[in-house]
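Labels for the chains are A, B, C, D and E, by order of writing; each one numbers its residues from 1.
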Amino acid sequence: MIVLRRLLAPPALVAFAAVLGVVAVGLFVVPPDRLQGQVQRIMYVHVPSAWIAYLAFFVTFTASVRYLWRRELGADRLAASAAEVGLVFTGVAIVTGAIWGKATWGIWWDWDPRLTTTALLFVIYAGYILIRGSIVDRVRRARAGAVIGIVGFANVPIVHFSVTWWRSLHQPPTIIQPGDPTIDHLLLGELLASVLAYTLLFLYLLNRRLELERARDEAELALLMPS
Amino acid sequence: MLADVLALATKDLRIELRSPASITGALTLGLVGLVVTGLAAGPDTARLRAIAPGLAWLSVVYAAIAVGERLDRIDRTDDAFSVLWLSVDDRRAIFAGKVLALTAVLWTITLALLGAAVVLLNVEPSPAAIALVPLAGLACLALASATGLVTGVVGVSSQRILLLPVTLLPLLAPTLLAASQATAALIEGRLDSALPWFALLGAQAALFAGLGLLVYESGVALE
Amino acid sequence: MLADVLALATKDLRIELRSPASITGALTLGLVGLVVTGLAAGPDTARLRAIAPGLAWLSVVYAAIAVGERLDRIDRTDDAFSVLWLSVDDRRAIFAGKVLALTAVLWTITLALLGAAVVLLNVEPSPAAIALVPLAGLACLALASATGLVTGVVGVSSQRILLLPVTLLPLLAPTLLAASQATAALIEGRLDSALPWFALLGAQAALFAGLGLLVYESGVALE
Amino acid sequence: MPHVPPADLRLELRRVSKLFGTTVALWQVDLEASAGQLVLVQGANGSGKSTFLRIAAGLTSPTAGEVRWAGGPRSSRPRVAHVGHASGLYDGLTPFEHLTLSARLCRTDPTDALALLERIGAASVAGEPCGRLSAGMRRRISLARAFASDPDAILLDEPLAALDEAGVTAVLKLIDEATQAGRLVVVAAPSDARLRAKAGHTVALADGHVLRSLPPSAGWLEQIDAG
Amino acid sequence: MPHVPPADLRLELRRVSKLFGTTVALWQVDLEASAGQLVLVQGANGSGKSTFLRIAAGLTSPTAGEVRWAGGPRSSRPRVAHVGHASGLYDGLTPFEHLTLSARLCRTDPTDALALLERIGAASVAGEPCGRLSAGMRRRISLARAFASDPDAILLDEPLAALDEAGVTAVLKLIDEATQAGRLVVVAAPSDARLRAKAGHTVALADGHVLRSLPPSAGWLEQIDAG
């Protein structure tokens, strides 16, 4: 149990060291792509960010379900924190994708299904945060958040499958698919390492956000303690 | 509970119909939206015809948000909601009544709009297009449930007129897409390629309505 | 009177900014409108690029209606309007203050939206595009005056959320057209062909604003 | 046949507190009340009376503490009616329509409801949309609806405000009858001699704190006025 | 330096009638009142008191008849303040902001306005958004704003409703001072002994008709009660 706790709450040093490590490897160790050249290195930020965003929204989803079921404010704090961190990672995925797109497709943006659905995903969770911000009552805020956290998650699979459902410019799934991955094993190793490192970063950020939320709730409850 | 649902939906529809400008207003809103969007899109009929189902459904989505916010405000003004909350035995009836009323209004609007789009754009609909009626019903149910759910949890706030579209438009994007695709398929008579979209719409309606019932049962909607 | 106008506009903007979700909400609404309309129109970039200025301005028009109705409701709730009506020396200040606040909000939104559209649609703007800033200001003034005028005349009514778009959308269609055309021209660097549209927008702004001032002076806006 | 409230009906508030942000609206309030009692909640403006009623009705959730309604068959919650500062009326419906809707939802007899409208002096406007009625008439309709819904308990926030003398007399009479019929009545008002003279139990609130809670006894009126 | 109302200020209503559709809200009402008077408009619920005040304030136009304000410099209309059943407050602004805005529009001294807030017992909530205030506190803010706007005439619709005892005392004192300062005060209330004791002129309305209009004289109180 304690081991699990530790794993789920990595210290800042570990998280940042891991990210620095994979960035260094991505920049200097892994060879550039044969077709795309140096720009391709952006993949080691782009792809993990997108996946971590999925992970974060999944956490929001499960925590929201738990909240509606059990009515624990703890679950709501987790949902809110994960959504906020997830929004940041979605933003990173969009920005890095846009840069990558400018370099390879020659354009920042296109009305490609993957890109459009990703933008919608971003807006949904931005709305999630806006709505929470507009509700003063703690319990009601939690309930509204839970509902949107659940409905909003339906868009994650849509983002993922959009490339296969519609013809798309964007890369189809190359790794998360049945059979042998279609990319080089060194690249694959670096990619997986990046995912791991960004997961640590995600957990670190999530915990910091959680602390903040907890402190806020406790400050309110402290008022209720007999002085 | 069914009797309560009907009584509540009747109440909403009665208030709605009593205001002379109401349903006509919603309809005109849809039509005007269609025309103006068409205008914004430029005067190329072939291009317009290609994007027509999408535009028509987009107008319906906007109408859903406008009418939904209105139906919800009926109860929120002067705190009528609290009275309902304490009166009904099963609180899910409040949600179900709201969704029923909204679905009825939207269905009417949608059918009128689709008809208008067919006429305005000189489309030759295939006989399969009759399936547009149940399709529209299903899609409107999904739209109505989502709108009822979100207006319910957002509650009263001066920002709701902005918050509702901000949240609902992206949430309803899949519904919009499915409805547009199915409509295009049905007009061209491709019944089989419309079926998966039907299923998708059904799943969405079930998700939104199920969550709404759950949320109202457990008292989420209040305050 | 100028001091009163500023005091009233500040009041609106303060209430507006104080609600955390407010301006961001309006901005997101515009963006979402853009994305969803793009989605409804289908994924063909060339086609989208052709209709982009129209879509961007359509989003601004919707935002104008939403924000305008919100700003107006601020005064109508709990009859704050009567108090203003009796407090100010010159009642045209009420209208002018409202339009000023609305123009400020819309201008911000429009510039952000046009920027987003340029990036999202891979447009290469010409240097003349800097004239988009005054253009946006002028168009927003026209939109704001029309919205202020109509919300003032429509007054409180449960249908206003439908009546406003129904009245405003067709009324604003020429503004939408002029703004879209001018925007397209400026982005492509055709300054000279943008000029007539500028004049048209100016005429519209003058018409709506003048009518609004007149209506408020003669007390029509009440009740 | 009007429904008979359970004789063992009880309302219990245990150390109930309510915070709005950092404003303390109620602070560790206790109350026990049972069928047939008239409880008067009294206090200055802003002392927490309305919050108290809404929490008792279950319309607002307390930040801490517990609200319990007991009595009657286990299966169903007791029926509670609440009339707050807001009227709870639809501008587009007539008093007649309000009462028939309420009768349908509460499963009571609509003709009884109309008789009540007559008694409260609002029969003459029964067919007028409520949006067109005067302030006092609206108040009467809300009150008539609450009494007509055959509640086990009825919670009234300043029931006499905006009423003329005939209205006050009618409502005081209805309150009397309700307690006699075994309903639990809780009334909030800043200070009202007419209500104080009837109340069996007075809760004096100040800044959310219970100053004193006086069970039925001779001499309580003097105590209040002395304090 | 507060503005001095013109000594020749007069309000005249001549055969004023108001119809809403087919409802007769007022029927051929006459009134003459002048600076320094306290006029009480009294009548049952729905008798037309609020309509009377709104018409006198110029907020509603009469269907027939004439409303005239005379006195003071020809160039400017007299400043009239009106507090109706609705509060006229913005939920998002604080009492402090309401009073400074009003002071700017009415060209009065904002510090006087704040002193009034203190006198009316609302200084403690001056920095709280009005949407969060209790019913009685909102009422106090509206009243304070009206008195602070240095009006020539002030029209109050049930000014004592929702107020606690301290509030009632403060408002009655303000009304007294206003008449002493030469302002014309018109108050509507269904029946209120406290106001009746002060009024110099009572207009009794029933169903929109003036039953009797009593100018200052000894013994008018008895006459009313006998009628």
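Note that in this section a residue touches a chain if its C-beta (ideal position, glycine included) is under 8 Å from a C-beta of that chain, and two chains touch if they have at least 3 such contacts.
Source: prediction; values computed, not measured.
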item: Pair with more cross-chain C-beta pairs in contact, given A-D and A-C; value: A-C
item: Of all other chains, the one whose Cα centre sits farthest from subunit D; value: A
item: Farthest chain (mean CA position) relative to subunit E; value: A
item: Distance between the centres, which are taken as Cα means, of subunit E and subunit C, whole angstrom; value: 38
item: Distance between chain centroids, defined by C-alpha means - subunit B, subunit E (Å); value: 47
item: Centre-to-centre distance between subunit E and subunit A (centres being mean Cα positions), rounded to whole Å; value: 60
item: Shared-contact residues (touching 2 or more other chains) in subunit C; value: 15, 19, 21, 25, 28, 32, 35-36, 39, 74, 158
item: Junction residues of subunit D - those touching two or more other chains; value: 20-21, 61, 91-92
item: Per-residue overlap in subunit A, given as positions that touch at least 2 other chains; value: 120, 123, 126-127, 130-131, 134, 137
item: Residues of subunit A defined as touching subunit B within the complex; value: 68, 117, 120-121, 123-124, 126-128, 130-131, 134-135, 137, 140, 143-144, 146-148, 150-152, 154-155, 158
item: Sites on subunit D touched by subunit E in the complex; value: 20-21, 23, 43-46, 50, 85, 121, 125, 128, 132-137, 139-140, 158, 161-167, 190-191
item: Residues of subunit A defined as touching subunit C within the complex; value: 98, 107-113, 116, 119-120, 123, 126-127, 130-131, 133-134, 166
item: Touching residues (chain side subunit B, partner subunit A) in the complex; value: 146, 149-150, 153-155, 157, 159-160, 163, 166-167, 169-171, 173-174, 204, 207-208, 211, 214-215, 218, 220, 222-223
item: Residues on subunit B engaged by subunit D in the complex (per definition of touch); value: 3-4, 7-8, 11, 14-15, 18-19, 74, 77-80, 82-89, 222-223
